[in-house]
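Here's the structure we're looking at; comments come further down.
Chain IDs A, B and C follow the sequence of writing; residue 1 opens each chain.
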Amino acid sequence: MSPRDAGTVSSGFERSPTMDILLQQIINGLTTGSVYAVVALGYTMVYGVIQLINFAHGEVVMIGAMVAFSVISALAGGSLPPLAIVLAGVIAAIPACMAIGYLLERAAYRPLRHAPRLAPLITAIGMSIILQHLALLIWGRNPLAFPQIIDNRVFAIGGAAISSVQIAIILMSLAMMAGLSWFVYRTRFGIAIRATAENVHVAGLMGVNADRVIAATFVIGAGLGAVAGVMYGSYYGIAHYTMGFSLGLKAFSAAVLGGIGNIAGAMLGGILLGLVEALGTGYVGDLTDLCRWPGAGGDIGWMGAHCADGAHFVLFGSNYQEVFAFLMLILVLVFRPSGLLGERVSERA
Amino acid sequence: MTEVLLEARGIAKRFGGVQALKDVSLTINRGEIYGLIGPNGAGKTTLFNVFTGLYPRDGGEVLCCGSPLNLESPHQVAAAGIARTFQNIRLFGNMTALENVMVGRHLRTKAGVIQAILRTRAERTEEAAIRRRADELLHYVGIADRADDLARHLSYGDQRRLEIARALATEPKLLALDEPAAGMNATETAALRGLIEGLRRDGLTVLLIEHDVKLVLGLCDRVAVLDYGVKIAEDVPEAVRANPKVIEAYLGASVD
Amino acid sequence: MNMTGRDKLGLALIAVALIALPFVLASAGTAWVRITNFAVLFVLLSLGLNIVVGFAGLLDLGYVAFYAVGAYVYALLASPHFGLHLPFWVILPLGAAVACVAGVILGAPTLRLRGDYLAIVTLGFGEIVRIFMNNLSSPINLTNGPKGISRIDSFQIGPVNFAGSDTFAGLVFSGPIKYYYFLMLVLLGVIVINRRLQDSRIGRAWVAIREDEIAAKASGINTRNIKLLAFAMGASFGGIAGGMFAAMQTFVSPESFVLNESIMVLSMVVLGGMGNIWGVIAGAVLLSFVPELLRYTVEPAQIALFGKLLIDPEVLRMLVFGAALVLTMRFRPAGLWPETRHRREMSENRA
């Protein structure tokens, strides 16, 4: 690499490369952020109603991706049109995940509803491990290449590129969020969910069947998660039995960032986290390159020996991508535990 | 002249848009039983929780023995000499009665990790003293025979007593009791009354929040009445009983 | 502690059995001594985590981070990586101290949070530590990245090196056997420390916080400091276990410190009985050996039945851990061997 190139992240574009890269990172961030948001909805709905972090939610999303992978792989090469095949994958994943969500609630969490707080949490961790390793048994240890059967066209916006898959992910996420908002704010059952979230006992007195509401939040969250799993798999072109862990943790961070228990917050948090992650990954290398700090460059600065000939001294490169979500989670919990839109979550009297 | 132990000035507390306490001031003298009454939702427990550092306050200050009290954290309040019990009893359910009281000694003892690991002579002496004192306190409140039972297996009345013993273990100047007679039958209430009178005889100052107006008026030296977060009266029981504002606040409730 | 003659006899028999154990195991193969050593390592970890989860009731899912810190401190200070070769009796305590500091640093910002948030934040911290170990190979090579650090020094006491075998009084002391005895000494120390802490002013404060934090505060306990103390103590034990791990393996890499390790230790504590030292030890031993037994039975059984390996024993092992967590919480929330206070209660009921 020549000294001149070293100054930019990439030299792929002719015209105002910095702006183009920024735009590209924003597009990428919006895409992953939409997926985080949809997964975060699953955490936040369950938390809103029974104050449980459903650790296994990430694994449900992973199983959604896996089921879709199996269906799409089986149908690919057949006579069906590609879009129909993908749709079939999604349609198969949704009930599969909903069934798992229901079983989780019914078999693992419901019996512990009146147990001390730690008990359902520990159970959730156990269920997550079990689901993960069952998936390993069924789908194997190796990453599965998600069949790319739809022609993935790339469009240029400004100097950046957006693919049809990205457009589809963003649009579908928006549609699901809108649908969920309508459901929660405009339907009778949605009102029952919000009433239960407010106060289980009072909602019960008002004739709301709390058991049904709680089960429903698990099922709806799992259904959304299934779609998110397919979107994630299609975007990265890969499905793996461990993908649920970091995806789940990020989505949970997103839910906390937005204010856990708050549906709009989960959406906002997801998108923000996606952006932070994309921009962070894109720029952290440059920002922590000591050779680019004022006074450090050339061969006379304080880092002179290291930075001669345009060399780099990058403290934290893009390989720290996974850290951003955690760092944000920790910062939010320490400085604004209620999240951006939520109520207070730190311990109360 | 009587000596002031605790003085609250202009305490205010809001929950969202609700003004739970508005400019509440009161003074508690050393050695007296001071009652705090008021209809449901008058702000009694809120005031109590502000006094003991459980809720942050939105205004006002509390002086203990003339110097401002640090209300930042409940353990500092306890260290300053204010101990409390809870309306819905909060014991360490899976510890024995004796251990519950021993926890109360935490504040006035000091052995740390190193001493505990090395079991130094000082640590062993201190442990023995903690145990002895806890045992004395269980005798004092009259449940010494239940010392080795788990707290959650004690009867309701005994749990109330145990909470008082645990609070006494912190060597308080002021013992604040939050509705100690709630849920008690007549016999248990009478026994509790005897216990509180005994505390006064032994020189302790008591702040008593109670729903049972009869108990308060019969037991207390002075009584304050809260209504809608405002103090509407503070006087000796006879005067409070005759106060028209108080009668109005308790409209329908019998004050005799 | 008042011991009757029978107690003393029982204790003496257990001691003799534990002393003779490695030679019995060695006759079945040195691998079994190694397996036992790892079981003891897990017992150490479980006892450390028990302070945090069992005593103080703080669900720490990033416990493996402290194990990792201890292991890397040892690896960096006793390997060719930096050319440093400090003796183990310097590094082990140092590793514990560094882990202890890490525990305080990680604990301090999170202790205000409610239990479930604490769990997820500690989980995040655990992952961060691992990611850093993976990536701190540039710009300056601190950890050697995913390749890990190899050729770590074994213990050396005088002329005795723990890497090789020594013959003493006609008995062959292989490396693992020497480590076994050392581990037993450490374990003894850790048990004594745990017991003494449990019966102390600090131990009572921990349990009080677990039982009711508000009441603990109102009783004059500075819950923040006392919780930090639990974090620090637990982390120190993790650090010691990590150092032992590095020396025994002579190799460390980030791969050894994944979340699953934290979950395994948690399963041991939960299954045995949170808060009860002997229960936790039994849980750790049980969950260390069951997977090994599965490996030696399920694997051949599958091959005999189906002609091929259908379920990888490694997967089966994690399924066992997951099931242990779920089933214990469902059917025996106090664990297989509950805390003494409960047991006393139950025996009263029977009488």
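Observations
Definition applied: contacts are C-beta pairs under 8 Å (C-beta built on N, C-alpha and C of every residue); 3 or more make two chains touch, one makes a residue touch a chain.
These figures come from a predicted structure and were not determined experimentally.
Comparing each chain's Cα centroid with the centroid of every protein Cα atom identifies chain C as the most central.
When you average the Cα atoms of each chain and compare centres, the chain farthest from chain C turns out to be B.
Measuring from the averaged C-alpha position of chain B to that of chain C gives a distance of 43 Å. Remark: chain A and chain C have CA centroids separated by 32 Å (rounded to whole angstrom).
Averaging C-alpha coordinates per chain places the centre of chain A 49 Å away from that of chain B.
Listed for chain B are residues 54, each touching two or more other chains.
Among all residues of chain C, those that touch two or more other chains are 214. In chain A, the positions touching at least two other chains are 349. Against chain C, in their complex, chain A makes its touches with residues 51-53, 108, 111-112, 115-123, 125-130, 132-134, 136-137, 141, 245-246, 249, 252-253, 256, 290, 306, 312-317, 319-320, 322-323, 325-327, 329-330, 333-334, 337, 345-347, 349.
Listed in rising order, the residues of chain C touching chain B in the complex are 193, 196-197, 199-205, 207-208, 211-212, 214-223, 229, 233, 339, 341-342, 344-345. Against chain C, in their complex, chain B makes its touches with residues 52-54, 73-75, 78-79, 83-84, 86, 90-96, 99, 102-109, 111-113, 116-117, 119, 123, 126-127, 130, 148-150, 153, 166-167, 169-170.
Chain C contributes residues 53, 57, 59, 61, 109-110, 112-117, 119-121, 123-125, 127-128, 131-132, 134-135, 138-139, 213-214, 259-260, 263, 266-267, 270, 311-312, 315, 318-319, 321-326, 328-330, 333 to its touches with chain A in the complex.
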